[in-house]
Each structure stands twice: as structure tokens, then as C-alpha cells.
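Here is the structure we will look at, set down as C-alpha cells.
When the chains are written out, they are named A, B and C in that same order, and each has its own residue count from 1.
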Amino acid sequence: MNSIYFFELFGTLVFAISGMLAAIEEKMDFVGVIILGFVTALGGGTLRDLLMGNTPVGWMQDNNFLYLVLLAIPICFLARKYIAKLRRSFFLFDSLGIALFTILGTQKGLDANLSVLISILMGVVSATFGGVIRDVLANKVPLIFRKEIYATACFAGGVSFILLSKVIPWESLTMIICALIVLLIRYLSVKHKWGIYVRPIN
Amino acid sequence: MNSIYFFELFGTLVFAISGMLAAIEEKMDFVGVIILGFVTALGGGTLRDLLMGNTPVGWMQDNNFLYLVLLAIPICFLARKYIAKLRRSFFLFDSLGIALFTILGTQKGLDANLSVLISILMGVVSATFGGVIRDVLANKVPLIFRKEIYATACFAGGVSFILLSKVIPWESLTMIICALIVLLIRYLSVKHKWGIYVRPIN
Amino acid sequence: MNSIYFFELFGTLVFAISGMLAAIEEKMDFVGVIILGFVTALGGGTLRDLLMGNTPVGWMQDNNFLYLVLLAIPICFLARKYIAKLRRSFFLFDSLGIALFTILGTQKGLDANLSVLISILMGVVSATFGGVIRDVLANKVPLIFRKEIYATACFAGGVSFILLSKVIPWESLTMIICALIVLLIRYLSVKHKWGIYVRPIN
């Protein structure tokens, strides 16, 4: 489906930029910037494909994903100057990215006849694991473990997608609604500093 | 075989609890606790399955593994209070877990017609790699690199399993003996602070 | 082809030694030394094989790779004493290793009908990812992100290999020339402290 493919490419670009900006902040060299952009953008989908046995993994069979990572380089240079101002729009892009990848991953799981729970998990892995690899390579405790509701928003998006798919006949509409749900949860959790802790941080 | 499956589920539960306790100590949020429990419990088997080409990997085809990880959450909450007292029984559980996973992994390697050496390695990977991923995600040098005889105990368990399988006709008995060997090595190495160092730590 | 296989084994040995020396410097125990040697030597090829869907991965079907990792242990003990003196020859070995693995990986990509760009990337992954895993396990920011032109040299080697393969009819000659190109770039970049930075490190 064309709209899904477009969303996948767009999510790849957004994640590549987010990874590259992280590398620049860490004062990595040019190669580090590219690699971090690459793994952030494609790491989640790669793990999903490996777990599902879809090899060669997606981006190896379609150069467009690589081109988008390369396209992120000049965008990143420009963005660097406006990074402070861009932070808000980046939050939007990143949240949109995880929303799209969650839904795409969930759909791929269902297509492969995996159980509903595992399919949602494939969605969450697609959406979040690129960022986990990014943080591991930058030698940090992954953000996902400390940040406001992040994986939880993905999970909620995946569950919504499963439920709404049974009610709404138009896939695109379902996807948009689910993406909005993820965005809303992310927005509210950041605004109100929501978090689910086993015990308070002292 | 039912007893093997039971052992696999039991090892999963034990490892999930060990990962979650590590996450709580690191003051991760609720999602971090679940993820760390998940990767600790299923990471070793996942890597083994990926290396062997068994995809979709095991836990994706049997929700029971996921349910056990979820079951570990309430257990973990309760265990938290008694963690100091539980440390000794945890050592027992963890050692039992690596013993079981070593033997299961070795058997899976043999079943896939891999060489004996590689099969034992699959066992060691199954037993230890979940903990390695746990430590990497928690931004620590993996315990396996510093702890008393750990991977070595697994390796010894795998070798014993190979040797005893040829002598003892009852698989269950072989497994129990091998598990006891791993437990014994772990117990002695911790008690006497055994370690194999290339040079002494100054 | 015999010469390719020989190069692959030689590269494995060299990388195993480099990983073990890193583990000794980190004061890891004996098991840590073996594991770090193992992942450094075989990690890159493993990731390449996983991404391409070649499972069980290469070293699981040919014990020679494992034997070479084990052979690296005594070599490493001896090398330890002369490590300061050996640093220059190690630079040579390591550069030769990445040159060989880049070319082998690129060739494997082409053989699997992957696009030229993806094939070169498979070469770079083969050459560099073992070192990335080594650094992640040792809890460091991977060297590849900070070092002088490293992945870039691999990339240049892969591109040269693609181009020269079309001109030179003798594969062995092409490989030797490409390896020399990688060596030369590495040598010059270290000598002149070349680096490509997005912005200068303050």
C-alpha cells in the first residue's frame, strides 16, 4: 500500500535525523554521525525482521531507505543551528515516527500469523529498538528506561490499532487515529511528567 | 518432552525475576523493569535461535513465555521486600536457570546436527547471553566478564551433558546430574572465590 | 576459493588477538578474555550472516574458526609482554584484517544479488562490527565513532573492490590492491591525524 510505504520512509527519515543529532551532541565524527543515524532509523525494523525471519531484512532490498538516511545528513546540518527552536517540532516528528513504526510493525506481525500480543510487541520493538541501540552505542542507559511514558504509548497505539481495525473499515483512518492516540499520550505524559515507577526515585 | 518444557518455563520465570530486580536496583521505571525482565529471560534463547536460523524465534510462537515474564512482575514486587533474605535462594534459582538453559541449548544444537563444540556453545549462549544483554542495557560491564566461574560452569555442564548422555540411558537423570554439577561448581566457586585470571587484579 | 578462505581465517585470528588484548587491558577474567576475543573475531561476520539470512551462521558450520579463536589465547599471552613493541605490527594486522573482511563481505553481498551499495555495506559491517560489539561489552563508546578514518577506509576499500573487479580479471590481484588501499588510507590517517568532524571538538 502506497500510504504505508510513504509513512515508513518518512519515519525512517525522522529517526535518522534524531540519531544524527544525538551523535553530534556526543561529538562523534562524521562516520559516527552516519552510523548512529543509520541504526536509529533502521535498527528497530531490523530486529523485528530478524526475529520474524524476514531476511535479507527490509532495507537491504530497497535502497530508498539508505538514501533517506543519507538525505538526513544535510537536513541535520541545517537543523543543528535551529536545534533549540526545533526541539518542539522534533518531539512531534519523533512521536509521529514511533506511532507509524508501531502500527507498521503490528501489521507485519498480524500478516505473519503471529498472535495479537506478539504482533503488538513487534510493533513496539520496531518503534523503540532503534533508539535503544542508539543509546547503547552512545554508552548511555537507554532513554526508554527512564523517559516519560514512551514504550507504553507505543503499546497503547498497537492495542488501539488491533481494536479499531475490527471496527473501522478504512485502514488509513485507523492508522491516523492510532497515530493521534500515541501523539496524545506522549504529549500529555511529557506535559504532566507522567511516569510509572515501581518506587519513587529518591 | 514435558519435563524439558517445564524446565524451560521455570528457567524463564527465574531469569525474568533476576532481570527485574536488577532494573529496580537501577531505579528504572515500570517499562524498564518489564523490558529488562523480558530480555534477561528470553535474550539468550533468542540469540541462540537467531544464530541457528530458528525463526520466528521460540517465544514468538508460544505465548506462555510472555505470560511468565508478566507473572514475574507481581512476584518481583513481593520479592523486593525480602530481597536481602532471598539472595541465597536467588543464587540457587539463577544457577538452576543457567544449568537448565545450558542443557536445553546444547540439546537443541545436537538436534540441529551442529558439531559437539558448537552445540555446547549454543548451550552457554542460551544460559548467559540474557544476562549479558541485561548488563549492557543497564550500562554496565557484563557480570560474566568479572564474576566467579560462571560461563565456565555452564561449559562444564554442557560437556558433562554430552558425555553422560552416552552413558546414562535416562535423559531426565542426565539432566538432573548435569544441573547438580553446574550448581556445585557455582557454589564452590562463590564460596572459595574461585576465579581464572590472566593476571591478578591489582 | 582457497586464498579467500585463508584470508578469512587469518583475519579471524588477528581480530581474536585484538579483542583479547582489549579484555586483558580491562582486567577481565579468563572467560571474559575468550568471549571478547570471540565476539571481536566473529561478531562482524555473524551480523552480516544474520542480516543476509545465512543461518546457521558461518562459524557454526566450520570449527576452524573456533579453533583459531582458541589458538589466539596462547599467542595473546606471549604478545602481552611485547605489547608496547607490537603496537605497530598490530596496527598492520588490524588494518589487514579490516581490509580482508571488507572485501569478503562485499563479495558475499554481490554473490547474494544484493545491490552494490548494500554489498559494500555488508563489507563494512563485517569489518567493523566485531570491534563495535567488543567496545559495547567493555562498556566504552565504540572506537569507530571517534577514531581516525576507520569505517571510511573500509568503505573506500569496498568501493575500490567493486570498481577494480570490473577492470582487473584476476580476483586475487584485485583483493591485494584493495587491501593495500585500505592499509594506505589507515596509515595516512593515523600519521596525519585525519578525521572528518561535523564540528571541531572543543
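Assume a residue touches a chain if its C-beta (ideal position, glycine included) is under 8 Å from a C-beta of that chain, and two chains touch if they have at least 3 such contacts.
Quick caveat, the model's predicted, so the values are computed rather than measured.
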item: Numbering shared by both copies at the chain C-chain A contact, with half separating same from different; value: different
item: Cα superposition of chain A on its sequence copy chain B - rotation in ° rounded to nearest 5; value: 120
item: Centre-of-Cα separation between chain C and chain A, whole angstrom; value: 30
item: Interface hub residues of chain A, defined as touching at least two other chains; value: 50, 53, 136, 139
item: Chain A-touching residues of chain C, taken from the complex the two chains share; value: 50-53, 112, 114-115, 117-118, 121, 132, 136, 139-142, 144-147, 149-152, 195-199, 201
item: Chain C residues touching chain B - in the complex, by the definition given at the top; value: 23-24, 26-33, 35-36, 46, 50, 53, 55-57, 60-61, 63, 66, 77, 80, 136-139
